[in-house]
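Let me give you the structure first, and then I'll get to my questions.
By written order: A, B, C and D. Residues from 1 in each chain.
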Amino acid sequence: MKKLINSPEHVVRDALEGMAAAHPDLIKVYYDPDYIVRADAPIHGKVGIVSGGGSGHEPMHGGFVGKGMLDAACPGAVFTSPVPDQMLAATKAVDGGKGVLHIVKNYTGDIMNFEMAAELAQSEGIEVASVVTNDDVAVQDSLYTAGRRGVGVTVLLEKIVGAAADGGANLQECVRIAEKVNGQGRSMGMALTSCTVPHVGKPTFDLGEDEMEIGIGIHGEPGRRRMKVQSAAEITELLATPILQDLPFKSGDNVLAFVNGMGGTPLIELYIVYNELAKLLKDQGITISRNLVGSYITSLEMAGCSITLLRMDDELTTLWDAPVRTPGMRWGM
Amino acid sequence: MKKLINSPEHVVRDALEGMAAAHPDLIKVYYDPDYIVRADAPIHGKVGIVSGGGSGHEPMHGGFVGKGMLDAACPGAVFTSPVPDQMLAATKAVDGGKGVLHIVKNYTGDIMNFEMAAELAQSEGIEVASVVTNDDVAVQDSLYTAGRRGVGVTVLLEKIVGAAADGGANLQECVRIAEKVNGQGRSMGMALTSCTVPHVGKPTFDLGEDEMEIGIGIHGEPGRRRMKVQSAAEITELLATPILQDLPFKSGDNVLAFVNGMGGTPLIELYIVYNELAKLLKDQGITISRNLVGSYITSLEMAGCSITLLRMDDELTTLWDAPVRTPGMRWGM
Amino acid sequence: MEITARQVIRFLEIVAARVKEHRDELTQLDAAIGDADHGANLDRGFTAVLAKLPTIADKDIGTILKTAGMTLVSTVGGASGPLYGTAFMRAGMALADRQELSEGDVVAALEAALEGIMARGKAQRGEKTMIDAIAPGIDVLKAAQANGEDFAEALRRALDAVKEGMESTIPMQATKGRASYLGERSIGHQDPGATSSYYMAQALLEAIESGVTSQ
Amino acid sequence: MEITARQVIRFLEIVAARVKEHRDELTQLDAAIGDADHGANLDRGFTAVLAKLPTIADKDIGTILKTAGMTLVSTVGGASGPLYGTAFMRAGMALADRQELSEGDVVAALEAALEGIMARGKAQRGEKTMIDAIAPGIDVLKAAQANGEDFAEALRRALDAVKEGMESTIPMQATKGRASYLGERSIGHQDPGATSSYYMAQALLEAIESGVTSQ
């Protein structure tokens, strides 16, 4: 294992200290329990937006704390959901009297830990609502299973709901908008290489020099299918087709197209994938009205990418365009 | 070789088309010869800022074309300087009547090609000045050699001089500021893995599972020293010490600290390095007044990082803080 | 047979030791169908429980187990944190204020723990989780109790049932937890949580059999 | 011995073929002390030159070489683009309007080419570049000319000198070009540009010896 770290035990703490040192104007970091809040929290009269999850997905979530996005984020150990103590402390820290929204990715651990935190916060008199993202079409859904993973849509949802809360939306409004985003967004990812969890020290799965894994999550979970590496055009089609069919997206739709890097893939490759995606959507009569290209929800140093499509309307477009200022996403201010 | 590409021959073209598709509001892309100009070029009465170099360093340079930074960028083949035809066309496209500044990284090929382009542009009546960046302390300098490589400082210089030109500085002023930035900035980089040039198909150099290369450039050139991988703290010291001694930076200095990823290194590791750098500088009585953490000048999918320190003063700080809006760097608008 | 608070402490110590010992094995099992952190998660949690023991050693058994459960919830994270945490907390609630446990108490506490896991995780038997290891063991103890069989003897058979339950997860397709994302690819791997549950059952038997010798 | 425009075209064709043939070798040499693109750079450039040939085949030798040089400048990039481009352009300028070349013309053109390289790149002999291969060959031709020795014979000896010059770069420490960044680590590797220059010299000899047979 080769990483720029001091030791597997200190990865999360050292990175948090680095973020605190780099962005004192935007965020405050607390430890034991670990959580990150925007420097000016709590904002009175504003719904507090809290997310969190295992570390190793940077800039998500901590990098999205700031003006116009998250009020707080709770980083767990690498690939491990944080614990209720963190969410409870973060929820109290950002409660501005209008209630707090928990944005939870659909993983059993995240669901249960946030659930326990919400119960505790409510018992302390804070109004808490939760939305769960589950946009990964690589996972077959069913009433009887844990359901789909929350992946790329989470990034878009945090930006859009963050803007809504900043704009004065109440808790119910924030829930409505969040559920709309999750309902209208779908994602799928692939890997060219595995990632290595620091405390494990070797790749989570092995891929041959000519193999790729389709339908991976963001935790080095093996995907649904292993196949020979193909061209960027073919890979883009392998990811986009199930996404388009699932919602389904239709000719005439306006979408936000998000091409995401998994952590070890350089920008030049992401633009090549974006180019293929733009051509593919054009052929289907789908208009890309907004886009995002970069590594925003990663899986340590995994090489690969994911594609997320979100059907847009005027409300979502206005909220997406609203100014945001966080370490990981910034425009308009 | 595993990459998200269609074929080695099409990497640069496909990525350029992807950028054009993703950022029509900011840039226009021309082909044969290839160059990228800001959508609203030429800006009359403004000095035109042009840079360029081999591809494989994204977002540099094309990702820095836009408001408040570069007016044009010329992407060469991967790791190969562009040709005079590109710089000439770009120079003409952004000439606003106040002259054009060429920002050139100190590589024999870049120097000679920009030189030929400048000669041609001048023969067509365009006033052209050139500044050369050579901030890499890993290279021993001497009057009789090709001198030091231009690396991380180039990113900071393009932002700062871009702001100056936007603010109405004339060509001489732009040259003065550019030379000041290059004079006050130093960098050094390291690699955990090699990168693979697409048309070569295998890693440029081989590193053992426990080895790292110190003093690498941004083209997969082997570095000055190979050694066993060490902790983030030790690596940070190996990079920072020669930088600090070279200028030299002194107790009481204000600096912009730039921790850059080489393309295959995730953000979480860069923040760990930034944390070590912040501690190290604090111990030396040096104040970090501004910082930049991310992958801005890369070497394809190479894993590793570089550190750049730039001594700041009020003039540079004001120009750094000025609004910028490009695909790769954005704040204030 | 009476079980003392001292033996309950011993049980927690043995679990912590077993988890550390099998940390890499548990992580490897999780790497195959999960995200390679189960061993690290539990090791982090039970190391924290060990650190807490001195402060609760003199407390009643209910408090000891509740504290252990809360500590797991606060330190493990992931799916296993809330699940094992809830299990220990529920067992503790079922044994409030006890200084000693009867055989019946042990079975009641184990039942409360399993109910807690199923309530928190909303899973049933056969979904390739820790439940498939724990539940069969409790079945054996309850049957033995109903038929008035020897408890020490029943405990050993219960452990065998837990082992079979753990192994029975291998051919299962996961429908809960991270492994469910793999669909059919989850078949053929032993569930990490079922495996850690087996080591806890081993620890329980050992602590009970150790009797007063552990003092 | 008279050299025709047809032979000059043939020379360019052979260079293009040699470069393609040795593309990977040149790139590997560049990988060791540079950035692994020399083979690809020259292949891209001479493929473009080949494509231009039909449009200039009927032109004078000066125009043919100038056009080749400009094409290299416009397509190769890197260090070798301006250097070889300038070399061919200068040779072309030295041979303006010629339909045939004398032996003296060839030597004069080669000298002009070398001067162009040295002016553009500001390097001298001994800095581990293409100059170390080219210059010794020109020395041999000039000496032979001065002593009135047989040209065909001298050309063969010149090629040997180029080969020795190319090999002489192995023990050198680079002080120009990308290899200079390696400092002492550049020692022990053959310079890629010196190697491509050797293949061009081979091509020149072959084209001249081919005489009219190439028609």
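Keep in mind that, in the parts below, contacts are C-beta pairs under 8 Å (C-beta built on N, C-alpha and C of every residue); 3 or more make two chains touch, one makes a residue touch a chain.
Just so you know, these numbers come straight off a predicted model, no measurement behind them.
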Minimum number of chain-to-chain touching steps separating subunit A from subunit D: 2
Cα-centroid distance, subunit B relative to subunit D, in whole angstrom: 33
Rounded Å distance, subunit C centre to subunit D centre (Cα mean): 77
Distance between the centres, which are taken as Cα means, of subunit C and subunit B, whole angstrom: 56
Graph class of chain-chain contacts, one of line, ring, star, complete, other: line
Interchain contacts (touch definition) - all pairs: A-B, A-C, B-D
Subunit A residues within the subunit C interface of the complex: 33, 54, 76-85, 107-109, 112-113, 115-116, 138-140, 142, 144-146, 149, 197, 199-200, 204-205, 217, 219-222, 224
Parts of subunit A lying in touch with subunit B, wherever the complex brings them together: 2-7, 11, 14-19, 21-22, 55-56, 58-59, 63, 192-193, 209-210, 212, 229, 231-233, 235, 263-276, 278, 288, 291, 293, 295, 298, 300-301, 303-305, 325, 328, 330-333
Residue numbers on subunit D that touch subunit B, as the complex places them: 27, 31-37, 40-41, 44, 73-83, 120-121, 175-178, 180-183, 185
